[in-house]
Structures are given as C-alpha cells and as structure tokens.
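Quick heads-up: structures coming right below.
Two complexes are shown next, each including chain A; its partner changes from chain B in the first to chain C in the second.
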Partner chain A sequence: MSNLICQFRDFFVSLKLTVVLIALSIVLIFAATLDQVNLGIWAVQQKYFHSLFVLWRIGDIPVPIFPGGYLIGGFLLTNLIAAQVYRFKLTAKKSGIWLTHIGFILLLIGELITGLWQEEFALRLDEGETKNYSESYRSNELAITETTDPKFDDVVAIPEKFVARGEAIQQGKLPFRVVPKIYYPNAALAARDATTPGVAPTPATTGIGLQATATPLPLTYKQNERNAPAAYIELAGPAGPIGTWLVSADPRFPPQSFEYAGRTWKIAFRFERSYKPYSLTLLKFSHDRYAGTEIPKNFSSRIRLNSPDGRDDREVLIYMNNPLRYAGLTFYQAGFENDDKTTILQVVRNPSWQLPYISCSLMTLGLIVQFGIHLVAFIARRRTLPSAVV
Partner chain B sequence: MKKFIPLLVLLLGALYLGSTLLPPRESSVFDLAGFGRLPILANGRLKPLDTVARNSLLLFQGRQTVVTPAGVKVSPTEWLLDVYFHSDAADRYRTFEVVHPDLLALLDLKAEDGDGKKRFSYLEISKKIPELERQARLAGPIESAVRTPFQKSVMQLYGALVQYQRLKHTLAPPTTEDFLAELLRFQKLLPTGVAAVRAKQAGQPHDEATAKAMIELGQRYLFMSETTNFLAIPPTPEVAEDTAWQTTGQSLLSAFQRGSVDSSVLAYAGLGYAWRQRQPEQFNKLVELYHAQIAKRFAAQLTKSDTEARFNAAAPFYSSMSLYVGALLIAIFSWLKWPEILGRSSFYLILLAWLATTAGIATRMWIEGRPPVTNLYSSALFVGWGSVGLCLILEAIFKNAIGSVAAGLTGFATLLIAHHLSLTGDTLEMMRAVLDSNFWLATHVVIVTIGYSATFLAGFLAIIYILRGGFTRSLDKASAEALVRMVYGIICFGTLFSFVGTVLGGIWADQSWGRFWGWDPKENGALIIVLWNALILHARWGGLIKARGLMALAVFGNVVTSWSWFGTNMLGVGLHSYGFTDSAFMALTMFVASQLALIALAVRPLTKWRSFQSE
Partner chain C sequence: MSHRLLPLVVLTALGLTSCRDPQISTYRVPKEKSPAMTATPAAAASAPGATMANTPVTTAEGPGLSWSAPAHWTAKPASAMRKGSYAITDDSGEPADLSITAFPGDVGGDLANVNRWRSQLQLPPLAATELASATAHLDVNGLHLTTVDFTGGPTAKPQRVLGAIIPVGNATWFFKLTGPAALVAREQAAFASFLQTIRAPRPTS
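Moving on to the complex of A and B:
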C-alpha cells in the first residue's frame, strides 16, 4: 500500500480522531441547545444537526463556521468502521467493544434515516368532528378545489414553494393558469375599507382581498407560533385574467368560491394536508385535574377509527404515554384547545423507529460485557495480590 | 482501648439518629402533635396539617422556627393554630422575610426593626398591602425569568401573603371571635331561614330579618370558600368520591341544601373555641374524637399522613447532613493520624448517614406512591444517595478514607442543594400528566440520576487527587494509583448508567410521542454527559491522557453534569435575564468557575505537586 493511503487509513483509524470528533459533537450539541432560545427546536435541528456545516450569515453570504451533524456523524461512522476493520480482532475480550460499536453504527444510521424521512403532522378534532387528513406543522399549500359535483371535491394542491417562485403554473386539471403575483412567507391581515378616501390600492380584484390587506411580517421561529403566508393569486383563462384573489394560510381566513366556465371552484391557502385512507372521529376529550388544583392529571381522547373498506371500525383511547399506532403512523395526545372541546393529536411517521431499540440494546449489552470484563479482571488481580498496593 | 473508638463513634451516631425518632417532648398541654396529624387536601394531595405549617413557613421566611413577640419559641403547628383560630395574634408574629432594600422602602420598613434584620409581621406589612398589590400587578405579566430582583421579591412576598390569606380562611373566618357559637346559631336558624329566603324569592310573605341574616351568612361563607383553596372538610358519607374534599366555605354553603352543618366543620370550630379559650382537655378530646371519625373512612390515608408528620419531626436529611460533616472531618484527619481507627470511624458514620437518607427517601416514596425521583428536589436527594452508596463500596474495597471523604463531600453538598430547592413549597408534588408513569420514572429517571451520581463522584474523587496531591505530601504512590483506579472505574460505571438512562428516556419519548430523539435541552444535556464520559474513556484507551489528564477531564465532568442537571432548566433564565441576578444561576456560574480553577491546578507541571516532588 502506498504511503499516502497508509497515512489516510491511519488518520481514519486513530483514536485521536475519535476523541476530536466526540469533542466536536459535544460543542455542536451545546451550541445547538443554547441557540434553541433564539431559533426554536425545529430550525436548530436543521441548522446544526441535519446539515454538513453550520452556516453563519455574514451579510448575505453563508459562511461555514463549524462542522454540522451530518459531517461529524459521517466522520464518526467512517472512523468506527475503519477502526473495526483494521484495529480490532473479533475476540472474546473485545466482544463488548464490538457490540457497542456496531450498535453505535446502527444508531447513527437510524438517526440519518430519521433526519431524512421523519414527518410530523397535527390533527385537530372538535368533539364529534370527523377528519381523514392531518395537517403539516410548517408547510402550506394553495388548494384549488372544484366543487361542481356535490358528491365529491376535485382538489389541485400546489405546494407553497411553487407559489413562492412566482412563475405561472399550468396544471392539466385546471382550465386556467395560476399566476402568483405577490407572496409573503409570513403576513399579518388587516381590514381594508375601500370607501375611505386615499386608501392604498390593492392588487386583489375580487373576493375578500377587496376588504382586507396582507402586510409582510418577519418569519417566526417560536415553538408555539407558526408562519402564516399570504399571496395575491391571479387566475387567467385563455381569454385573459379571471381575477386576482388574496389568500392566506391563517386558519381564520376562509376559502373563497367563484364560478368559471359554468363550473364552481374554491381557492384557499391552507396548511398542507396529508390525506389518509381512513377517518378519525373525536367522540370525547377529557382533561382530568387533581382535586382542588389546576395541575393536569390526564388528557385523553376517545376516538372512532373508521376505514372505508370496513376492516376497521372501532373505538380507541389515546392518552398520555399511550399513543395509537396505526398504518405506520403514531397518533399521540399533544394538546387541546377551545375550552377542552378540541383535541390536538400529533401524527408522526418514522420509518426507522425500530432501529434505536436494536442499536441501543446492542450498545447496552456491549457496555455491560466490556465493563464486566474489566471488573472481573480487577477483582481477580486484587485476589492474587492481597497485600500489594491497592 | 483505641480499637473501640470506631464502635463508640458508631454507637453515638446511632443514638443521635435514634433520638430524632422519639416523639418530641410535649412542651404544651395541648395535643399539638395530634392536631398536626389531621389530614387536609392541598395541591392535590392529602397531607397532615403539620406539613402545611412547615411548608408555609419555609415559603414565607425560609425557616420553620417562629418566635412570638413575647420571645417564646413556638412549633410550626402551634403557629398554624394561631393563624387558623387566633389570627390577631398570628398577625403579630414576624414570619415574613423582606430583604430587598427597595421593597423595604416601599413597605415603609427598616431592616433593623425586623427580627434578624429581615423578618416582619403581617401587621407591619399590612398597611402597605394596596401598594404591594399594585406592584404585583405591574410585575405579574412579566415572564418570571426576566423579572428584576425587586420584582422577584415583590412577587415572592405577594405570593406569601396570598398563601397567608388562604390559611386564615381555611377553617374559620378570621374576623370571628366565636365561630362555634355562630355555627350553632346558623344550624338552629337553617330550617326557618331557608324557608324565609325561598319565600322572599317567590315574593311571598316572610320574616325579613331572618331572610336577611341568612343571605348575609351565605355571602360570608361564599367569600370564605373563594378565598382559600385548602380542602379541609372530608366528603360526606353520601359522596362516593374519596377525593371530593371541600373547603370549609363550600361545605357551609352546601349546608343550605342539606339543612345541617357538617360535623367536620363543627369539630374544627370546636377546636378553635378550645384553642382560643385555652381549654386543653376539650381540645385534646376533640382531636382524638375527630381523628377517630376520619379514620372510619380514610384509615389508609391517615396512616400515611401520621407517618408524614413523624417524618417531618424526625428530619432525617437534616441529621444525615450533620453526620456527613462529622464523617468528612474525621476522614480527612485520618490521613494525618490514626488512619485505621479514624478511617473506620468515618466509614461507620457515613454508613449511618446513608441509612438515614435511605430511610428518608423510602418514606417519601411510600407516602407518594412513586419511584424515588419525581422532581428537582428529590433528584438532589437521590444523586447524593447514589454517590454515597458508590463511595461506601469504594471504601469497603480500598479502605483508605478517600471514599469517606468523597461521601462526606457529595452527601453534604447534595443535601444542601436539596434544602435550597425545598424552599419553594411542598416537595411531594403531584405529577403532571406527561410524567405520570411510574414505570418510566422508576427506570429512566432513576438510572439517569445514578449516572449523574457517578459522574459527579468521579469528579469529586479527582478533586481529592488534585488538592491532596498538589498541596499536601500525604498522597503516596499507593493512594494515587488507587485514586486513578477509582476514577476510572466510576467513569465506566457512569458511562453505562448515563447511556442506559438516556436510551430509556428515548424509548419513553418514542412510546409517548412517537419519536426517539427530539434534541430538546434536557435530552441534549444527558447526551453530553454520555459523550463526555465516552471521550474520557477513549482518550484513556488511546494513551492520550495519563493520571493528571484523567483527573482534569473528570473534574470537567462536574461542569457537564451540573449543566445537564440545572443549567438546562435555566436556559431562558441565564440567557434572557438582565445580568446574572438569579441566585441559582449565580451559584452554577461560581461552581463552574471553581471547577475550571481546579482543572488549571490539575494541569500544572508535576514538579509543582507537593506529593510528587520527592520522586
């Protein structure tokens, strides 16, 4: 093997690299913990852990200032595998280290998969309400729904990023083009009185936009707030513009109906929906408190789970520390509002949820074996040298 | 003769502990202990009145002692009796601590006029209550983390006064001379009175005076029920729900429907009468009868509340603290003289103190029906317990008093931290819904807390190495090598427990919230401990560090662990607050600084270490 390759290998095999990588990951995690105060938990994960580099904006230029989670994790993985291949022989004495390291490799891979594919949605249900979709915590979509046939709705959902791009969108199902004129990633709504002299002109030509305006707001990263984007959307048929609507993802902003070519449509900016082939109905939400206090004792939602194929039609009880796992999703009790009449369930898809169990069992076993070997050796040595230095 | 010294020390220590278990010598002709054992439902938990008295006093003034204006020392229960039944006397006791100079000025008080230059009576404060209320309204909407020290002391005193009002309205309205007589009149008037009010409402002829008296009483009891949240009156036999206790006011209001005053309300009014009239025989008889009456339905709960009152009086953590200090001093002295005898003596004392904390923690677990760690206070108890337990094992193996010194240090320090954490109120809190899972509390929380114990212990052993090796000649080669082994072994132990504990936390999160890891501050803190221990082990295995390096890194483990334990809870506090005013944050900063200084000592060249110079 050439000298260069040897050096390269030695670098990746070395324990020094391990120690440096562990130190770097400690600094990274510590900095990320502190930054949560400013950015909130989700943005911190993106910035520090699900990234190759932590970027610092100097003016408009992002400058990498520290290795990110993927980079450190990648190096650790390489370091571990290389050490495993070159340094450790598979012997009984080293079996603990083997188990721990293999477990750790699996853990890193699992975290990578989680980082890439985990999805989280919220499902809000009023008592008695039935829904067959959950809503994204962060993403939004422009939904144009044809409601001509009362029996079903035909929905075209355009993800927010296309609206943000501002280019005209032509979708096969729609007899018109969708032209986003103005887009604000977060906006405040205010009433607009068109009769007041000197009122600012609005880009909207029809719908609620005549009585309301949207003004841009800075993006929020707070845990308990979300951005409510707004946009002015022009729809244009072959014969020219049909109109320009103001739409907003603010839940108080209703969908707007219009007629075109003898068909009825609705246009709305809304939280991105994830439809399910089954529905959930909230039968009852309960919020128990300890006697004489406001300290919550338990939250629980009694839910009817219904699938159209008739296979599932049953009641389930979702409460603290007891989620519903169904069809690859986990539904758990996340909150409540509206004077205990509305439940908020968090819906999580995590395709690699079994991996941490496997990897952590391996690592635990490995640590017990390895430290057990140390301990036995220590005791044996003390037995043989009873009077020597302790 | 000398060899009996350790046994003698053991005997004395055991006697000291035993003496705390004896029932307190009755200093009063009143059955105060019996009254203190009566149960009341507060903060969601049935507890003895003794606990209410002690916790309230800790909240008001940070200590449980009360001295009357006449200079007589009274027990917490006696004080509570005065608050309940003789409030014009209680109003004169100086039980409210006011320290902040601006707050003193606001209340028109001078520090030198107060007991201990800081304690004042309700009467002295009461003149300025409207102004205090105004300040509390100003400070109230501000997030507690960003309040100024003045605003914090306003809110603290205001909270204390609110609690005091609640106490005063718990069993009788504070304005009545003779509540028992009032209740007897009320009882007698009830049938005609209710009829008169009904007739008045229906617009029919009625006795106006009776109706008016009835309505006034109703308003009076309504005010009482709204002013307190202490549920003192047990549910009547018709009510199946065991937790459906009521305030005295609520019970009196329901008397309008029931047609009679609840016997528990009358019993307390009778106790109040006997207390005011100084009639110990009646008082003691009533306590006994009322206790027996409650026992019919709540026998199991009464056993617990009796035990809790005994536990309060025995104060096992306080006695352990004294024993730890004693053992620490003896152990340090054993390095200079009589290593064998003094070493064994200190080991015995540590063992006794550890047994006392074990008993204390076990009692708390039994009372609460929970695993040992349920909040920050109990985590401090348990970190100390785990660390001293490990020290006992080390000392049993190595017999060089190092384990005893570490035990004395960590045992005392953690109990001191626990004491400061206990000043905010009842330490046996109800678990919020998210945490209400005994299985995970028993596994994840316990194991991760043992991980804290071990990491701290490794750090304290390293401190012993650094100080003893650096500043004395007493650290011989054998002791130094033993210390390296101890630190290494404890770090291995700490790695295992903090890793398993953290993983179990992940599993709990996955079971409850559908995600294994969420990068929240507490999770990250635990992870950093695991990583730090792993770093030490890898550096050691790679030969990157020797003895002194190991010690320096182990001391930094203290910083990492204290960050995870307390720092993550202060995030928000430390970063948002104006200046570092928060005392806990200050304490943490000081601790971290001291640890960094120790690390600097550890990395000095070997020639500066007094123990190693001769080599």
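Moving on to the complex of A and C:
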C-alpha cells in the first residue's frame, strides 16, 4: 500500500479525528441553538445541519465559515466505519462494542436519509370534507387551473421559486405566458381606496387587486407563523397582455376566475399541494375533556379512507400516539381549530422511520452484552480467588 | 482500494441527490367537493389558518347590513374578503356565486366599480355619460341601491352579473350574483326579492 493511501487510511481511522468531529458538533449545535432565536427551528436545521457548510453571505456571495451537519456527520460515519474495519477485531469479547457501533452507524445513516427525503405536510379537514391532497407547511406555488371541464381540473403548479425569479414562464399546457411582475416573499393585504388622494396606482388591472393592495412585510421565522407571499402576475397571450392579477398565499385570499380563449381558468397562490391516489374524509373530530373540567383528555379524528380502485374503503381512528400509516405516509393528529369542527393532521413521509428504533435497540443490546461479558468475567474472577483473601 | 472509499462515494452521491430543484408540474384532478355548508353565513367563523398567517385584509368595519337569503341558496363560509357568500346550483353543474363584500370609502366610485364588473365579463368600459342609462336605482328599507345587469363573456358560454352597490356610512357594500346567463336569469326574481330583504344596521343610542 502506498504511503499516501496509508496516510489517508490513518486519517480516517484516527481517534483524534473522532474527538475533533465531536468537538465541532458541540460548537455547531451551540451556535445553531443560539441562532434559533433569529431563524426558527426549520431554517436553523437547513442552515446548520442539512448542509455541507454553514454559509455566511457577504453581499451576494455565500462564504463557507464552518462545516455543516452533513459534512461532520459524513466524516463521523466514515471514521466510525473505518475504525470498525481496521481497528476492531470481530471477537466474542468485543461483540457488544460491535453491536453498539453498528447501532450508531445506523442512527447516523437514518438521520441522513431523514434529512434528505423526509417530507412534512399538513392535511386540514372540516367535518364532512373530503380531500385527496395535503399542503406544505413552508412551500407555496402559483396554481393556474383550467376549470372548463365539469368533472376535472387541469392544474399547472408553478413553484414559488419561479415566481421569485421574475422571469416570464411559458408552459406547454397554458395558452398564455405567465409574467411575474412584482413578488413579495411576505406581504400584508389591505383594502385599496382609489379615491384617497395620493394613493399609488395598482399594478393589477383585474380581479381583487383593484380593491386590495399588498404591502411587503419582513420575513417571519416564528414557529407558529408562516410567510404569506404575494405577487402581481401578468398573463399575456399572443395578442398582448390579458390582465395583471394580485395573488396571495394568505389562505383567506380566494382563487380568482377568468375567461380566456373560450375556456375558464382560475389563478391562485396557495400552499404547495401533494396529491394522493386516495382520499380522506373527516367523519367526526372529537375533543374529549376530563369530566367537569376543561382539561383535554384526548383528541381524535374519525376518518374514512377511500381509494378509487376499491382496495380500501374503511374507517380509521387517528388519535395522539396512534397515527394512520398508509402508503408510505404517516398521518398524525396534530391540531384542530374552528370550534372543534376542523382537524389538522400532520402528514409525514419518512422512509427511514424504523431505523432509529432498530439502531437504539442494537445499541442497548450491545451495551448489555458488553457489560454482561465484563460482569461475568468479574464474577468468575472473584469465585476463583482463595477465600482467605476475601 | 475502491471499496475502502465506498463510504465517501456513497456520501457524495447522497449529498448530490439532496440538491433537488422544484419543477413546474402539471396534473389533472377531479373537481373538489365542498363540505356540507352551514345554513347561516358563518360570519364569526375563525378564518382558516389564522394562526399561520396573521395578515388581515382591511374591509369595512362597523355595523353591517343584514339580509335573508332564499332557502335554495347554499351559504358558504364567509371569509376576510367576504361578508357573505352563497352558491346557487342547478342540474347543469356550474354554479352561480353570490358575493357580499364591503370596503371603506366609495372604492373608486360607481363608474369604476361598474366598469370593473364589466371587465370581468370582457365588456368594454362605459363612459361617465353612459353610466346613468346602464344602472337602475332602488330604495329599500332606507338604503339607496344602484343596480346593474350585464351579460358578457364568451358567446358559447355567456356569463351574467346582477349587482347592487350600496353606500352605508363611510363604506360601500357590494352584492354581486355571477354565473352562467341561463342560471342567473332563472334566479333574477329571487335576487330581486333578496335585495328587498337588505336592512341597514340599527342606529345605536
């Protein structure tokens, strides 16, 4: 083996590397915890842990200033695997350490998979309402829907990122171009009174934008709030502009209908949707309290799960710590509103949800085995000692 | 040697897959079914997602108008933008929509408001001199209503708007019935009777 490769191997096998990585993790977690006040938990996770480097923006240029969670975690994982391969021999005496280390490796891999592929959505259902989609907690989309067909809607969903970019969007299914004129990442809506002297002219030429106006707001990072972006969107056909609409992702801002080329359309900025090949109907939401008090005892949603292929048509009860697991998704009871008439389910896709359970079990088993081996050896040694010494 | 580098290769591959850019997507979905509606305008219903985006829309404040809707109109939940909302359906499927909104001031004046409704029907705007002939006036329970009746939109699928503009104190209220021309024609008498039920807020002593 060449000298360079040996150095490379020694670097990754080294216990010093482990110590340095753990020290870096401590600093990273400490800094992230402090920054949570400014950014909120989700943005902190993205900036510090779900990244290779923590970036600092100098002007428009992002400069890496500290290793991020993926980099530290990746090195830690490599270090652990390399040490396992090169330093620890697989013997019965060390079997406990092996099990513990394999458990820890699985935990790191599970966290990586979770970070990369976990999706979280919310499903809000009024009693009696049926939905076959959930909505993102953070992402928004501009949806232009053709509603001409009495049975179906044809949707073109444009992620917020494209609207923010401000470039004209030409999509094959739309007979017009979509030109984002003005975009605010977070905005407040207010009624617009054109008669007030000095009132600014609105960029909107049709729809609610004639009566309402959007004012930019600073981005919010609070956990119980979300940003409500707004935009002025111009639609332009081959013959020229059709109109400019004000759209907002504020859930109270309704979709706006219009006619073009003999077809009816709807334009809306909304929470990003994730459609499912099945539907859920809220039959009843229950908010049980302890008798004679207002102290909550249980929240539960009785749901009818229906798939159009007829494979599933059944009632399920979702309550705290008893989620519905279906088609790779987990539906948790997350909240309620509207005088106990609306339930909010958290919909999570986590392909590695079992890995933490498996890894923790392996680590526990490993520690029991390792301490057990030492205990048995210790007791055996005591037995062999002459009684006079004892 | 390559198998020893495997963890690094795997990590790099995983890292690269995380750089997923959202893309424009197109899909077809069945029309949404609305939940069973309450029979009365749920003016006090909490706005959905109120805790998530506290960005109020300023609408007219103060005491509001009251009205009685025909029984066959289905009340929809009111929103921050709407004081009242009804859906009217027939067998053909496409519903007509009755919206009740209120905003401070005169929202640009009758001409601007009438022309806004005309633009929604793809009709040319009226000149100020044409406004008087295009509108009618009605006095109901002490309120002065300016009413309009326009038909426009695509010739294959004409749309019709019946509207009433009512100044109340420092605000203006809009009652607007929009929908397929045939359905709106059928509802014209019901809309006229509905307008007669609109009442001003009781003066507070």
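Note that the second predicted complex is superposed on the first by the 352 of 390 C-alpha atoms of A that agree within 3 Å, B and C clash if a C-alpha of one lies under 4 Å from a C-alpha of the other, contacts with A are read in each partner's own complex, and residues count from 1 in each chain.
The definition used in the following text is that a residue touches a chain if its C-beta (ideal position, glycine included) is under 8 Å from a C-beta of that chain, and two chains touch if they have at least 3 such contacts.
All figures in this text were calculated on a predicted structure; none of them were measured in a lab.
In the three-chain model built by superposing on chain A, chain B fits alongside chain C with no clash. Using the contact criterion defined above for the overlaid structures, shared-chain residue A:Asp313 touches neither chain B nor chain C, since it reaches no partner.
Applying the stated contact rule after C-alpha superposition, one finds that A:Lys161 touches chain C and leaves chain B untouched.
Taking the Cα centre of chain A as vertex, the centres of chain B and chain C in the superposed model span 100°, given to the nearest 10. After overlaying the two complexes on the shared chain, residue contacts for A:Asp340 are found with neither chain B nor chain C.
Looking at the shared chain after the overlay, A:Asp10 reaches neither chain B nor chain C. By the document's definition of touching, of the two partners only chain C reaches A:Tyr275; chain B does not. By the touch criterion stated above, A:Glu129 is placed in contact with chain C alone, chain B being left untouched. By the touch criterion stated above, A:Lys173 is placed in contact with chain C alone, chain B being left untouched.
By the touch criterion stated above, A:Arg226 is placed in contact with chain C alone, chain B being left untouched. No C-alpha atom of chain B lies closer than 17 Å to one of chain C in the superposed arrangement. Only residues 1, 4, 7-8, 11, 14-15, 17-18, 21-36, 45-60, 79-82, 93-94, 101, 103-109, 112, 116, 119-120, 122, 153-154, 156-157, 159 of chain C touch chain A when the two sit together in their complex.
Touching chain A in their complex are the following residues of chain B: 41-45, 229-231, 243-245, 397-400, 429-430, 432-434, 436-437, 440, 477-478, 481-482, 485, 489, 492-493, 495-496, 499-500, 503, 506-508, 510-521, 524-525, 527-528, 531-532, 534-535, 538-539, 541-542, 544, 560, 563, 568, 571-572, 575-576. Interface of chain A with chain B (complex): residues 14-16, 18-19, 22-23, 25-26, 29-30, 32-34, 36-37, 41, 44-45, 49, 110-111, 114, 118, 120, 289-293, 295-299, 320-323, 330-332, 334, 346-348, 350, 353, 356-357, 360, 363-364, 367-368, 371, 374-375, 378, 382, 389-390. Across the complex, chain C is touched by residues 5, 9, 50, 52, 70, 74, 77-78, 81-82, 85, 112, 115-116, 124, 126-133, 139, 147, 150-159, 161-162, 169, 171, 173, 187-191, 193-196, 206-208, 210-212, 217, 224-228, 248-254, 258-259, 262, 264, 275, 337-339, 342 of chain A.
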